[in-house]
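What follows is chain A paired twice: with chain B in the first complex and chain C in the second.
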Partner chain A sequence: MPIDPVNLANVTISGILTGLVYGLMALGLSVIFGVARVVNFAHGEMMTMAMYMTVLLFGQLHINPFLVVIPVAVLFFFFGYLLQAKVIHPFITRPDHAQFMLLLAIAMIMTNALLIVFGPEARTVSLDSLLESLETGPLLVDRGKLYAALVAFSATLALFAFFRLTPTGTAIRACADNGLGAKVVGLNVKHLYAIAFGLGAACVAVAGCMMIMLIDLTPALGPTYTLLAFVIVIVGGLGSMNGALLAGVLIGLSEALAGLFIAPSAKSMVSFALLVLVLLFRPRGLLGDNL
Partner chain B sequence: MAPFNIVRAQAAKLKVGVLLPRSGVQGLIGQSCQKGADLAPGVLKALLGVDIALMNADTETNVDTARTRAERLIQEGAHCLVGPFDSGAAAAIAQVAEQRGVPFVINIAAAPQITEQGYKFVFRNFPVASELVKNGLALTDELFKATGTTARTAVFMHVNDTFGQANAKALAAILPQLNLPFKLLETISYDPAAKDLTVEVSKAKATRADLLLLVCRLNDAIALRREIVKQRWNIMGVISPGSPGMYENQFFQTLGKFSEGCISNVPWFDPKLALTQSVDAAFRKQNPKDQLRFHALNVGYTFEAILIVADAYKRAQSTDAKALTKAIRATEIKTRMMIGAPLKFNAKGQVEGNLSACIQNQGQKPVVVLPGDSAEAKPVFPWTEYQRA
Partner chain C sequence: MKPRAHLLLAGLCAILLLLPYFAGSYILSVATLFLFFAYTGQAWNILMGFAGQLSLGHSLYLGVGAYAAAGLYFHFGIGPWAGLWIASLLCVCLAASLGGVAFRCGISGVYFTLLTIVFAEITRIGFDHFTWVGASGGLFLKVTQRDQIDILNLRGPPALFYYLILALTAAGFMLCAWLLRSRAGYYWQAIRENEEAAQALGINTFRWKILAVAISAGLTALAGVFHAFYYNNLFPEHVFNIGRSVEIMLGPIIGGIGTLFGPILGAALVTLLADGSTELVAALGWDVPGIKQLIYGIALFLIVIFLPDGLWPALARKLKLSQ
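Then we have the complex of A and B:
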């Protein structure tokens, strides 16, 4: 069946909007790896926890998810800070597999704790406004996705501004560029690593607050999005924030268009095909530094 | 070995291994089925005078886990197995049951190949996909006649797991034979675990079909219905020719007013039968805040699976696997709760004659609208949000 141009336009917009939320999620992973050189295998699980927190605040206190973004992000910043400073930091100098096992264990603890507390049934935020669409001529834009993408984009801009314009952000970039040099000039590297992890956790928390408005939530969601975050970060370039954002949009768009042109069940296949192509022909990623 | 065999045959209770997906993607449906298992010992003690001990296992909506759990239950002394709701898991457990020579009664699973393997220890009391689809499509035709409204075109969407593919194959084979008034424009498959169904629904909407035929699970049914609202897809209704999802409690709780009007042509209980009322009383006692009608199919077929093994145990007077299997094969139970013929297995271990009812969501609950004899309300088609051109 030939593709309707209006349908193509609607699907493209939807893919880009979803991709912006993916980009923010992956940005958190990129920040954590780029600065602290920690591969956060509990990334998706952290996002899942943020989603549950949003559902809880909405369900019990009837607080709109858009209003809980900042308090949840602040909470996750401190969570990420403490996790890095107290638990992960001793493993930075240990072999990679020790770090991997630690974070995997943290991921499993989070997933199973959520399963015990919330059970396996799917949860969601039911707001009538999320079922509305904005009409622009023949185009229909999902209101929930649009708002989620705008919040995700704003959070991304805020993060970029932090790293470019603040002294702490500059110090963190210095640590990322040369950890030893940063220590030599008197920067508190451990504290800055923890701040970076906290920022990464805050990013994924914001992404989670927005993601709950797009998809249903179960405790087992984490690993899927950890994997997706890795795909995006590798495609974009390890340690590259611009790359993570670009790749997020690219993956969101490719999933949508693959579903339209090939088959809906081929969405994930195209994301992984993109990953394979990048690894074969540009292993540093689209915007990463040379290996 | 003989003395040990004698000891085993004289066990006071029949140990029934219950395998259900109580977590994972199908967790809610598995928990619904579990309610049917939990009330079975009490009801069957009163009905048949037999003692049953349940050994529950969670398949986690995972085929490999289902296989492992089945092995474990048999090792721990289960005399028989029932379950597991899902066709993929049922196929895996059937292999284990056949290898270990332990009878396995499938509660709910529609893939036809499970009872086409020549297994001696595997039995199924649930319609196969072709029966489900045939009954479901026939009810769709009845629906058009009862409401005086016909859809001219339809698009078919289905999950691409074992169950969905079996249904799709059956639909493709049966639709041309039934001479229904609508033309099928396109078939779209999707991943049952997919979180975002925007593309799938937009493809379906682009066909400009009057009607959506849907073979789904629960979470995807909810996501799909939301997308239909968001994309302002003007269709006459959504009809499932035989799949779970749209009559489940979670569907109503999550979607509220948007659950109204959805139709599922599925096997269902007959509310007028005495056994249904006994099961309903036991259900209300165990679940005072719930209603059996939200779990009709899941509870009904799970209960009947345990009824079958309990009845066989009573006749066999033994928990020996061969004796139990022989008794199951000779089952003939006229007193049942689901709509259909008496429970009797054919040579392949399949019960024939399970029928479907047309269940429509009305007033935030599933009600029988067809066939007329069992109807609790009149069918509404097209649904209220349809806007005629």
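Then we have the complex of A and C:
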């Protein structure tokens, strides 16, 4: 079956746009792991919570999802900060698996609390202004997807700028590089770890607000997206911010192409296959290990 | 173990053996579920508790074991007693090769855990399209008269399955007790505590980790065979679900990772808590879909924070059961 080149171009663009949102989501996980060394097994669940918040604010108060981004991100920053400072920090000296189970427990509580409160039905947000697609020549671009990708990419750039340009960002990078050394030169490591977790949570919250444009919302999304975020981060290189972004786009693109060439249900198979290949041949991920 | 502990164990065995004579069908089904999780918890505990490798994908072996035995019975009329060997052997080979690849490539810790999830997910998606066993539509075994006992084909009343899983749990317990005192058990514990040090002492950690993963998978496959013939229906969505893997490991984590009694105590507690709360909510006339998993989550959260070694070590100290 010959593939129509216009269709292929459309799918490619759509895949890259989705990938930018994936990238931001994975970036949150990467920051949390790279700095605080916390394996955030509740990442997809945090995203789902942000999505419910967006849907609720839109459905009840009719606030545009693109405006909701900022308050939701701020809220999740504080949520992440408190979670790290109060609950997770004592686990830093415990074995890895204890921390893993703690976050798994948090994930289970979140998913099922959402299920109990909102029920299992799928929800969507439909904005009239986003219904028509952008037409440039023969190409069709979904407006909602385009805006979502733009917001996600701006948030990504802002995060990169924060880590490169601000003193706090530099201090967090120092913590990530050498926690003990950071402590020795007088940095408040616990506070900085919590900020990093907060930033990661804010990232995934923004990604969640934008994800509303891409997928239907159910409480059961959490585990799937936690797994997807981990796959992206490992493919990109655990702890590497550039890697997370690159792998996000790569996985978004390969999912879209798999949907076109093989079958929509083969989407996650392709990303899993990528993960297994990376683990076998380049265990440190595509882009090394530095923040 | 002290004599008191022996006495307690004997009492527990007597209650479990006589349960079908005085318990109703509901209690019996809850007890069967409890033993199912006690047994799978023991199997999981060999890998995590003894050898220190955290698997979050044990539903893989549960599902493959269940589907292998059920598929053979469904298509060729091969009974479960022959099928369980094939199912178990299949899972041993699967686990040894997956573990072999993972351990050979130096995948450990979090990476290993994620890989176990990914393998289970890949298999789930694969079985969703595997038409020989009904794909996502499910595989159903013929249900016959429930009062006729056909041990050869494992068709019969709930009490038959209860005794079956009780025997499995008891055998699993004895196997674990023996393993823990065997050469393998000591090697595993050395690997669990410090893999590099174990390697420096000349332990071939690769080989012993493979052994742990293979034994654990082979035992889990037997639980899968039981699952297939007890419930008579299999759906990839259920049996390979990550929620299954979580349920398997909840018992040992809550009871005490790496202990002999932990998985049993934990499974009892988890089953009581989950079924108790579901019943309570149902009795109040509410329809709350996620309550069981919410309780699981809260129990796991509290245990990990307040009793990281699990309930059994604390209980044993309190009752002065261990030295």
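Here is the rule we use: the second predicted complex is superposed on the first by the 289 of 291 C-alpha atoms of A that agree within 3 Å, B and C clash if a C-alpha of one lies under 4 Å from a C-alpha of the other, contacts with A are read in each partner's own complex, and residues count from 1 in each chain.
The rule is simple: contacts are C-beta pairs under 8 Å (C-beta built on N, C-alpha and C of every residue); 3 or more make two chains touch, one makes a residue touch a chain.
This one's a predicted model, so the numbers in the text were calculated from it and none came from an experiment.
**Student:** Report for A:71: first if it touches chain B alone, second if chain C alone, otherwise both or neither.
**Tutor:** In the superposed model, A:71 contacts neither chain B nor chain C.
**Student:** Now for A:105: first (chain B), second (chain C), both, or neither, which partner does it touch?
**Tutor:** A:105: touches chain C, not chain B.
**Student:** Using the superposition on chain A described above, determine whether A:18 touches chain B (first), chain C (second), both, or neither.
**Tutor:** first
**Student:** Look at A:126 in the shared chain and tell me whether it touches chain B only, chain C only, both, or neither; answer first, second, both or neither.
**Tutor:** The answer is first: A:126 touches chain B but not chain C.
**Student:** If you stack the two complexes on chain A, which partner ends up touching A:115: first (chain B), second (chain C), both, or neither?
**Tutor:** A:115 contacts both chain B and chain C.
**Student:** Which of the two partners, first being chain B and second being chain C, lies in contact with A:214: first, second, both, or neither?
**Tutor:** After superposition on chain A, A:214 lies in contact with chain B alone.
**Student:** Once the complexes are superposed, what residues of chain A are shared between the chain B interface and the chain C interface?
**Tutor:** On chain A, the residues that contact chain B in one structure and chain C in the other are 115, 119-120, 265, 268.
**Student:** Spell out the residues on chain A that touch chain C in their complex, using ranges where they run on.
**Tutor:** Chain A residues touching chain C: 39, 87, 94, 96-98, 100-102, 104-109, 111-113, 115-116, 119-120, 219, 223, 227, 230-231, 234, 265, 268-269, 272, 275-276, 279-280, 283.
**Student:** Okay, in this complex, where on chain A does chain B touch?
**Tutor:** Going by the criterion above, the answer is residues 1, 3-4, 7, 10-11, 14, 18, 115, 119-122, 124, 126, 131-133, 140, 142, 144, 214-216, 218, 220, 255-256, 259-260, 263-265, 267-268.
**Student:** Chain A touches which residues of chain B in the complex?
**Tutor:** 22-25, 27-28, 31, 160, 186, 188-191, 194-200, 202-203, 205-207, 218-219, 222-223, 226, 229-232, 250, 254, 256, 258
**Student:** Write out the stretch or stretches of chain C touching chain A in their complex.
**Tutor:** 48, 54, 56, 101, 105-107, 109-111, 113-115, 117-118, 121-122, 125, 128-129, 242, 246, 253, 288-291, 293-294, 296-298, 300-301, 304-305, 308
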